[in-house]
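You will see chain A twice below: alongside chain B first, and alongside chain C after that.
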Partner chain A sequence: MTVKSGRWAALFLAVPLGLYFTFVVGPSLYSFYYGFTDWNFLTGEANFTGLDNFRRLFADADFWSAFQNTIIWTALGLVISVFGGFWLAMALSRLLILERFVKSLFFLPMALSLVVVGFIWTWIYRLDFGFANIVLRMLGYEDLATAWLADRNWALFAVIFAWSWQQVALSMIVFLAGLTSVPKELMEAATIDGARFRHQLNQVIIPSLRPATGVVISLALINSLKSFDIVWVMTGGGPFQQSETLAVLIYRQAFRSYEFGYSSTIAVALFVITLVIIGGSILANRRGAE
Partner chain B sequence: MSMVAKKRARTLILAGVGLSAVMILGACASGSTETASSHVVAEHYFSGDLGAQAFAEIWPLCEQQTGITMDNPTIDHEAFKDAILVQLAGGNAPDLFSYWAGARTQSLIDNGQLDPIDDMWSAAGLDAAIPASIADSAATYGGSKYLLPFVYHYAGMFFNPAVLEEAGITEIPTDWDGLMSMAETLKAQGITPFALGSTDRWPAQFWFDYLILRTAGPEYRAALMSGEASYDDPEVVAALELWKEAIDAGYFNTSPNGSGWTDAADQVARGEAAMTLMGTWITGYWDGNGLVAGTDYDFFPFPQINSDVALASVGPVDGWVMPSGAKNQAGAKQVLECLASPEAQKVMALLQGAIAANSNTDLSSQNAVMQKAAKQVADSEAFVFNYDLATPPAVAEVGLNMFVEFIDNPSDIAGILSSTATKAAAAF
Partner chain C sequence: MAVYLKKRVAKDFRRQVKSWMLTLAMLGLAAIFLIPAWGVLFTSLRTDADIAFNGVWAPSGNVTVDNYLSLIFDVRVHSYMRNSFLVTIPATIISVAMGTLAGYVIAKLRVRGGNLLLLVIVSGLFIPPQILLIPLFQLFNFMGLYNTLWPMIIVHSAYGLSLCTLVMRNFFDKVPDELLEAALMDGASHPRILWSVALPLSRPALGALATLQFTFIWNDFLYPLIFTRSEEAQTIMVGILSLGGQYSTAFGAQAALSVIASLPTLLVFFIFQKQFIKGLTAGAVKG
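Let's turn to the complex of A and B:
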């Protein structure tokens, strides 16, 4: 790169970087600062309170409940995204007719915003005329029909399932793209050598999909850790906080309990948790690649 | 690429960047060429079934009366609670906005977000138009007027007369035993006595409000709302025990936490349930669905439980407030005068199933049920705001969660109230 082209690159990068620092990094740093204060959002007043907010955090049952829900979401979301997306991609890659149409159909959830996904599944889960309960009743499982989003045992999983419906579509696309890079000659050689599908899967396909798997895992982790909109639309974190994730708790502490400083403290905690999980995932992926 | 072409390309790119910058800056700048006093932004939460139709008539009326053009963004009722806080904090508040009288308004005043409207109040002669009880409780904070009462609602037991008639019920209950006896009669005939749709939490508050008011009285409730009493007091336990009695007897619909208030209203309208404890806005909803007041629906007041306590009525007062630093205060006050007028309040009251705050409003054409509700409030020994407007927002958050948790598991009163007491104390 010449000096002049380097200057042009710097000039053009300045605009998006400036926007990124102004609207993403800056507010995040402010949030870190407010986490150590009793920030009043309306007046702007923020008195330094030291570690009081963090001491409160560690003793807060609502925080640990939301933390648990977030971890459950992350774990389940990861499993469903990876396995569901992989097997769907495998099945679709073997389609002989209407291939493009079927792939588009399965990709459709990705065209919807999570808010719309939330509204759709809220109606599916309704006690009276929700599709889920209609099917259960038709199959003779009347006793299993329930108000899924109002049931303390099922609300969280019902929302995770709705979220996964969209997430699997994203994973499927990534895996489909990855499958096109599986070396055909290796597959042919394996077939000629009499390797069964299970061996082809373990010895050729899965190793070739390592980069795609890394992408799917990262996307699933990031999307699950920041889950807010679909939860808010479907349950508001209810019933009585049973489906509340850390992102929802942050919002509720700020805009319902007017605890903006403490809300920022929870945001700092979520940042640390995200860093640990994503960082661990990246390290594990690198070691696996080596 | 030749040197000339490179130079041309560079010029084009620079021109593009410069143009983008100009466009961005232009978008940020105020573009209005109208004078400030001719334009007012009035934001409100009377969306959808809660007043959209009424405001389609009210805004043109006010524009005609004041000569001011209105921008009137409507926000979903629940989303408004958060959205207005963000606007106030960002210094981007409208010139006036609708708000709930009581603790929420007090909270904004405590944070210096509202300006008083005493001058507008005096100029419009509202002391003679707004009843003193409403003016004192809903409009006045710290001796100054901050909120213009617009309309208010009354929470009563709205029922389907045909259902009661078919069940052979001829007398409206006047006490708790009578209510439970009626519920038992209905249940025996396969009719759900009480429909409750508490998925949004707030519909459950009316049960808590009336049970506390009818057992412990308005003074105790006021103490509970202000933090002077505790949620694990025997009075609260006693109220929840009565509620538990009704839930355990199977008098409520299946999974109230899984339905909304309109679902409960629909159950009553269809005759699947007999009654629902709800505010008078339900009449606007039913009217919009073609039901006829008096024939398809009516109401009775929540019955007496303890004869030693005053019979209070519960309901919210919707009003209008002016934020500090509103760009067009003069225009906003003119619009407030219009909203205080009998003409504007009549539209809202008739279309929305509400009671006008201005006592000069001609509501003779309002249906008999609403007129009965207005009389019920006028005759009440006390009128109090419903729970989530009577207590600070942070505490209301705790209480609303407590109601739905109790509905889900009414057997754990002690555990639920102990946890609520701790959280409420922290919130206070």
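Let's turn to the complex of A and C:
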């Protein structure tokens, strides 16, 4: 705006950018370098080994299993948060009585840490007194009862479901905020008959929720690709790495096996996967808008 | 006329009933949705003997606050909670303040390369934190900050810049330029305009952002897991796990600990709920 603004801009940006480059950008670049070394934290040895780590990565069954789990997580997480969050928000946005109180009940999981969410759900899944099994027994499906988190087939899905409990709350908040741009009379009129409802859903509600949907999708992707806390608390990645995500594998290689070099290689892989998936979703969203 | 009135009353009544039915249905759904939370709350209020005998979900008449009492007087819990506050409050303030500065510059100062700058800062949102761990671990060891509160404060301030800048820029973008230009004409400097014109206008965005940052930072588990080793520097989320191991069969105490650890974020969330939605609407979704 004025001649002086350049100086102020530099002054305002100095500290934020200094911190950002020192503690976020710089370290990320270092990881790229470490990914090409055989650095072991215990022996302290580090040699540049070229593409060796990447050859190892492509032959590593643990990596492929963690990759598969992460992709399953991302896909399921996306579907559950978009659809669950949308319908929950649609229902909540019509409330006229006790509106704020009822909404705040559905917000609750958002305030909890994934460590606490993990703890809570661990109890739900227990074989002996877990709620899931109590319900199954009550409904007469005794033989379906299992120790969900120790079960090879179910552990991953059990953890994803627990995580979704919080993620749905988050998407719902974003959709609710988006729905405030739709006039309340329109929402109300839409309840009268089915045909009209579908028409308004397609013509009014979904188009006006486009920005909100973009935010929900990005959040779901980002959160599922880096999921660590809740896995670590609930299963540690087990049984037999059946619920191990890439983020957990990176931690395990670095701070359990002390293979800092190889762990960095996997971190680089996760970074590239994130870039591809998020970049793809942004492009798809842009194309859809045109 | 009378018929018309009667019809109207009947319509209003039907409407009322419908509204109530929706509210009741959603309350029922909320009760189911929150079953996991009920479980923790009930467990925390019962003795271990009672839980062992009746199971977690079977109702029993005995309510006790012993689990809470034993934790409230546990010095380790004090230390974990204190550390969490000492990390969360400064890191929340710093990240929001820096996002405000950067967002203001990008939205209002029209510097060359402003869009590129925004892209560089916002792309931090897509950097998985796992890629930072080893270099930061090394750096903090080198700086002599391993096993102190500093790594968490610093990393959250730096990593939070992406989100904070994005939200604040989107908000400042909608503040009309004329307001700031008028202030400039009056001879006000940019810090002064930011402080007394732009900031008061952005209170909803600030409230929402601070709530979000407070929640993220308080609930973080990864950084304290990597950058600390002992009780003096660990935050409550890691503390839950350490203490949990020791109370591994004491479900009541574990549940009470989870409740205590969640109270600050629950309080912040419910106090700022209205602002949070408003800020989200203005800052992120419509932007």
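Just so we're on the same page, the second predicted complex is superposed on the first by the 273 of 290 C-alpha atoms of A that agree within 3 Å, B and C clash if a C-alpha of one lies under 4 Å from a C-alpha of the other, contacts with A are read in each partner's own complex, and residues count from 1 in each chain.
Keep this in mind: a contact is a pair of C-beta atoms (placed from the backbone, for glycine too) under 8 Å apart; a residue touches a chain by one contact, two chains touch by 3 or more.
Note that the structure is predicted; figures quoted are calculated from it, not measured.
Judged by the touch definition given at the top, the superposed model places A:Phe255 against both chain B and chain C. Of the two partner chains placed by the overlay, neither chain B nor chain C lies in contact with A:Val182. Contacts of A:Thr22 after superposition: chain C is touched, whereas chain B is not reached. By the touch criterion defined above, A:Met90 lies against neither chain B nor chain C after alignment on the C-alpha atoms of chain A.
Using the contact criterion defined above for the overlaid structures, shared-chain residue A:Ile71 touches neither chain B nor chain C, since it reaches no partner.
More residues of chain A lie in contact with C than with the other chain of the pair chain B and chain C.
Chain A residues in contact with chain B (one complex) as well as with chain C (other complex) are 15, 128, 255. Partner chain C is touched in their complex by these residues of chain A: 1-2, 4-6, 8-9, 12-13, 15-17, 19-20, 22-28, 30-31, 34, 91-92, 94-98, 100, 102-117, 119-121, 123-124, 128-129, 131, 134, 165, 173-174, 176-178, 180-181, 211-212, 215, 218, 222, 225-226, 228-229, 232-233, 246-247, 250-251, 254-255, 260, 263-264, 267-268, 270-271, 274-275, 278. Chain C contributes residues 19-20, 22-23, 26-27, 29-30, 33-37, 39-40, 43, 55-57, 98-99, 101-102, 104-105, 108-111, 117, 120-121, 124-136, 139, 154-155, 157-159, 161-162, 165, 180-181, 184, 189-191, 215, 218-222, 226, 237, 240-241, 244, 251, 254, 258, 261-262, 265-266, 268-270, 273-274, 276-277, 280-281, 284-287 to its touches with chain A in the complex. Remark: chain B residues 17, 81-82, 85, 88-89, 107-108, 111-113, 199-201, 254-255, 257-259, 263, 393-394, 397, 401-402, 404-405, 408-409, 427 touch chain A in the complex. The residues of chain A lying in touch with chain B in their complex are 15, 40-44, 126-128, 146-152, 236, 238-241, 252, 255-259.
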